[in-house]
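Structure record follows, encoded as structure tokens.
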Amino acid sequence: LDDVSYGTNWLAQAEHGGFYQAVADGTYEKYGLKVTIVQGGPNAANRALLIAGKVDFYMGGQLGDMDGVKSGIPMVGVASIFQKDPQVLMAHPDQGIDSFADLAKADTIFMGNEGYTTYFEWMKKNYEGFKDEQYKPYTFNPAPFIADPKSAQQGYLTSEPYEIEKQAGWAPKVFLLADNGYSPYSTEITAMQKTIDEKPDVVQRFVDASIEGWYNYLYGDNTKANALIKKDNPEMTDGQIAYTIAKLKEYGIVVSGDAEDKGIGCMTDARYKTFFDEMVQIGVEPADLDYKKAYTTQFVCKKVGMDLKK
Amino acid sequence: MATPSSPSARPRRPLVVMENVSKQFSSGTLALSDMSLTVNAGEFVSLLGPSGCGKSTALRIIAGLGDASSGAIDWPASRINARGLPEGDISFVFQEPTLMPWQTVFGNVHLPLKLRGISKSAARSDILATLATVGLQDFADAYPRELSGGMKMRVSIARALVTKPKLLLMDEPFAALDEITRQKLNDDVLRLWHETGITVIFVTHSVYESAYLSNRIVVMKARPGRVHADMPLVTSLSRDAHYRTSEDYRQACETVSNALLEAIGSEEH
Amino acid sequence: MADTSRRPAPQMPHASNRGQKLLPIVIPMGVVAALILIWHVGVIISGVPPYILPSPLAVAGSLYKDWGTLAPALWVTTKITMASLALALIGGVAIAIFLVQSRWIEMAFAPITVILQVTPVVAIAPLILIYAPSTQVALLICAFLVAFFPILSNMVQGLKSVDHNLLNLFDLYGASRWQTLLYLKLPASLPYFMTGLRIGGGLALIAAVVAEFAAGSAGAGSGLAFRLLESQYRLNIPRLFAALFLLSCLGVVIFAITSFISWLALHRWHESSLKREN
Amino acid sequence: MADTSRRPAPQMPHASNRGQKLLPIVIPMGVVAALILIWHVGVIISGVPPYILPSPLAVAGSLYKDWGTLAPALWVTTKITMASLALALIGGVAIAIFLVQSRWIEMAFAPITVILQVTPVVAIAPLILIYAPSTQVALLICAFLVAFFPILSNMVQGLKSVDHNLLNLFDLYGASRWQTLLYLKLPASLPYFMTGLRIGGGLALIAAVVAEFAAGSAGAGSGLAFRLLESQYRLNIPRLFAALFLLSCLGVVIFAITSFISWLALHRWHESSLKREN
Amino acid sequence: MATPSSPSARPRRPLVVMENVSKQFSSGTLALSDMSLTVNAGEFVSLLGPSGCGKSTALRIIAGLGDASSGAIDWPASRINARGLPEGDISFVFQEPTLMPWQTVFGNVHLPLKLRGISKSAARSDILATLATVGLQDFADAYPRELSGGMKMRVSIARALVTKPKLLLMDEPFAALDEITRQKLNDDVLRLWHETGITVIFVTHSVYESAYLSNRIVVMKARPGRVHADMPLVTSLSRDAHYRTSEDYRQACETVSNALLEAIGSEEH
């Protein structure tokens, strides 16, 4: 067995379900891999660990990989489990904010740093009325948003809306950025170029096994994976897991677009370029960036595991 | 108990009365035990006694610094303020110089005046004059750390004198001074006492000094501290260089010495 | 207009000593209890929703209900705090001793300690994580960086504030550097050190929290900081406040202990802990 | 076996005084320069990739290239640091004076200050954000919470360490509470205060950074902390180090200024800043 | 310059030589100017002079505390160590008690022994005996703050004596003591000197004390400090109570007093 470690971007949760599934049901072992999942978390530095070679794969995103190329870091996305980034913006239901564009009417938008420097730039370029004054930092505590009806807040499709509804008793309006034009690849498997060059078969096996894991997780028996998730993250509840899986399916986060016919994880040059061009347009990435170094399609779109989808 | 001469004829009113004052420190040391002492207005009382007998403690209690464990301090003829001290001016020369290290000599002497709201410039001439009395006119701008031991003590004396107090408490003020300076300051204090009629309580180890300066000498006994002998000292001679060679003076010295020897002897054996 | 008055001696100064001994515990508890009451009443009157500011009752409930997760977290945080305090003490005192060896050394190295101090831990935590052999070590390094400076600064000031006369005395008796340090400089700087200790104790706790934020591991072995962030993320505000409450308690206990140590070390001789008797 | 020897007086102790004056600036600069050189050589020899540890040259390049964004951020951070230091000074000293008024007050309120100190700012920042009238105010409150405690602690210890003989003197002369405070307690506690100031200076900078993390402003008005996180997120490691470098510089400058103030206040009289002359 | 008697016949070897020592403090004060003084082994030298004339400064420079601005200190007959001091024991009684406030009286007296590696228990009897000499046997466990001014000074004296030094430097050690204790300690020091042949340099303001104790008296002049008179004091009488009433003593006192008056007079006018 080859030892492989995979650093995620958050605590164990259903959004990582496929990977846990592959660990739990022996798919990785079947592919000759012994996989350790390194949980992320608030402020966790798993990306730095990837760069330093302390983990083999990391749950990256398209923008991050392109930033890597810009900084001369040979990070390469080899698969994108999520076709749509689950990033959302939420608003209070009774404030007359009915479309994404209406968010410009909010007095305040609570966003993390990343959001502010990326999709908020994009929003300012592509929609009318967004301005810097709206930004306030989001520290992963939704209370200020709940307290201020004239505010909006970033969130993760599968998390914040659920918590807010549970706690505050009302369901926020949810706008998926991906459905409104901002759609980077997300929940990628990112590796260093060195790994790809030296152990392409390990990469291929990890990608394939993970994809299988995801099909099994979404469409098969995922109890063992959920048990593993709850073991890694004792706070996780069944309700939350069920909600997440439902939302993943409802919004086609994992299976939509290219993934429908080429399999989970699929990335295409055309779509990659589309997003890159958007970023160039809003000034986040330089036009002369050799963005093709940030990903490779050699490991995906091979219809692996599609037969598992029932 | 020997008295060198009969008590002074003119009646004096008591200024401060210590009544059966005892002082036990929290460490357990009984510094004073049932000490009673009445000091009359206008007296110059010297307090003598073996080292550690409680002289400083007694002085501090009179000044209202540190409460007595039992007994009381009375100021029969004075209106007393919230702190239990008489209105009007008390000055204290502590046994240690007790200067503020962050102030110059001038600033240190200015302190009691500053506390009364007198500005530096208004007090300037007074302060400089007092500094001249103690021979420190050239050191007004020096900091305490730049002074010798005797000079520090002289700053402390200047600080006590600058307010022209009505009651002057001095705890071995001249011990660190050379004899010439000491005699000069002896005479200065004596002149002040004569001219202004202030009351002085003066702790010293020098029998000669006490006999030269005071009109009453109190000798204390140690552990626990209490009054051993209380001797008025009356002489018709004026206190000057001649007095030091007079028979009155010699006799006074002898009496005090004997009382002191008694106080210590009765203690040690 | 003479007005006869006397200042009587206070009666029985040593009476009711037993009761007095307990006051340093009873009074702060009372004040804290009063604060909690105000908080409670405030929440009820203002009607602020529990996900913004929960009532003390809700917090107590969460404390009781989640004790199973909070207690181990408290224990983890306590351990990190103690370890980082110990590190900060050793490091702070050692560096301080090194710095005061000569004016040159101080000039040369003081800026480096400042740089260590002001560099935001969150920013260099990833670097530390990469090079530290284990997360635990990384955590301790982070915590140390946060907590050592006040101890260092106080210690430097203390070591430099030694009475020059006593230094002369030690020189005269041919004391070695080491003896002067051990018998003179260290005891003389105790009042400063103790202040540093009191600051350092609180800061070590903060350091443990910050370190966990910055370099913390998740899951079973995680401390209060992580529980706190997690509760916040889950909008479990009562539990967030329960975690905050535990942190505060830990802080107060550390403060009480350090204050007591300080009292023990100083009450026999230093002005700051002595009753004025004369 | 007698061995005749003499201890000659040092020659010309006041010579080359001009050169000496500059040493406190030249030496630390030299040491920092040496450190940078070691860093540079280390990077080259070890071949560590620039995205883990950039060479000083790359950082300098970024500093030059991104000066346009970094300079305003530096200015913002400087302003917040100064404001929070000022707040911490005023607050710390005022609370310290309040606390030492009586043993009861100290017992009752010291725990509250500790609670304020140990409560992690990141955790209560949202609450502060909700109730503070503006982000700017929230920022200052956060920064204050981080920075005030060392100043408070040092000040309390200083105020309590006043020589009892001098207190007696002031009592004797009937000094009012206010006068005793102004003319005795405050000057006497200067050595402690100055230590607090030196710690507080560094901590105010950290506080500004933490506050910006927790409650910060964005965009044009954002400080170094924001730029730092942004660089980190965007993997622009040289710029991250450039921001760190600016923070360190700011910290060292603050330290130098506070040390100089301390020297100004103490060199005429306090052991810690005096040359031993006898 | 008067000498009360011819110099001692038996030749002495010089122990320490101050050669043209000047001392200027950074504040600008010139404390010593071209002061030269040779102290022979086995001498008991008293140093007198007006307050602030540089006695303490001179003593400190001899002891290697604080460098001279110019001039040099020689130890012609001693092997000197790295610090420029002779091997063997020097003790110093500073003008201020200079006690460690965190140590008890016992601990303070123990200090010089501790610095030589002698443990508390090994030193116990020596320390208690020395404390008894200064009358503090009951206060071994007290802290300095619990002592009177004179008691603190006595602790300092005990600390200097406990090492049985070869050279004893004392800066007004007895100024804060009552006369009885002072005389007892005078005799104790004198006995020590006689019995062990140590060298003593003794600063005092008391002409009587200097005349009683020393076999050589140096009178200093102030601002800047330098030697004004250097007077050997030879008498065939043994120093005891009788000596104090002898003509030799009276004459010595007078000579010293005159020298002192001269020193001060020439200064002030």
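Letters are used for the chains, namely A, B, C, D and E, taken in the order the chains are written, and counting of residues starts over at 1 for each.
By our rule, a contact is a pair of C-beta atoms (placed from the backbone, for glycine too) under 8 Å apart; a residue touches a chain by one contact, two chains touch by 3 or more.
The UniProt protein names, listed by chain, are B, E = NitT/TauT family transport system ATP-binding protein; C, D = NitT/TauT family transport system permease protein.
Every value quoted in this text rests on a predicted model; they were computed, and no experiment measured them.
Q: Going by the touch criterion stated earlier, list every chain that contacts chain A and also contacts chain C.
A: Shared contacts of chain A and chain C: D.
Q: Moving only to chains each one touches, count the minimum steps from chain B until you reach chain D.
A: The distance in steps between these two chains is 1.
Q: According to the touch definition, list the chains common to the neighbour sets of chain B and chain E.
A: Joint contacts, listed by label: C, D.
Q: Give the chain pair, either B-C or A-D, that is connected by more C-beta contacts.
A: Comparing A-D with B-C, the pair joined by more C-beta contacts is A-D.
Q: Going by the average position of its CA atoms, which chain sits the greatest distance from chain B?
A: Relative to chain B, the chain with the farthest C-alpha centre is A.
Q: Need the CA-centroid distance for the pair chain C / chain E, whole Å please.
A: 49
Q: List the centre-to-centre spacing of chain A and chain E in whole Å, with centres computed as mean CA coordinates.
A: The answer is 85 Å.
Q: Using mean C-alpha positions as chain centres, tell me how far chain A is from chain B in Å, no decimals.
A: Between these chains, centre-to-centre, one finds 87 Å.
Q: What are the residues of chain C that contact at least two other chains?
A: 52, 122, 126-127, 130, 163, 168, 213, 229, 232, 240, 270, 274, 276, 278
Q: Which positions in chain E touch two or more other chains at once?
A: Those would be 25, 56-57, 60, 64-66, 96, 143.
Q: Spell out, as numbers or ranges, the residues of chain A touching 2 or more other chains.
A: 52, 139, 141, 143, 147, in rising order.
Q: What is the complete set of touching chain pairs?
A: Touching chain pairs, listed by label, are A-C, A-D, B-C, B-D, B-E, C-D, C-E, D-E.
Q: Would you tell me which residues of chain A are touching chain D in their complex?
A: 47, 51-52, 64, 67-68, 70-73, 113-114, 116-117, 132, 135-137, 139, 141, 143-144, 147-148
Q: Could you list, by residue number, the parts of chain D that touch chain E in their complex?
A: These residues of chain D touch chain E: 1-10, 13, 275-278.
Q: List the residues on chain A that touch chain C in their complex, please.
A: 11-12, 39-45, 48-49, 52, 54, 139-143, 146-147, 159, 163-164, 166-168, 232-235
Q: Chain E touches which residues of chain B in the complex?
A: For this pair, the touching residues of chain B are 25, 27, 29, 48-52, 55-57, 95-96, 135, 142-143, 146-151, 154, 171-172, 175-182, 205-207, 257, 260-261, 264.
Q: Which of the residues in chain B end up touching chain C in this complex?
A: The touching residues are 21, 25-26, 56-57, 60, 64-80, 84.
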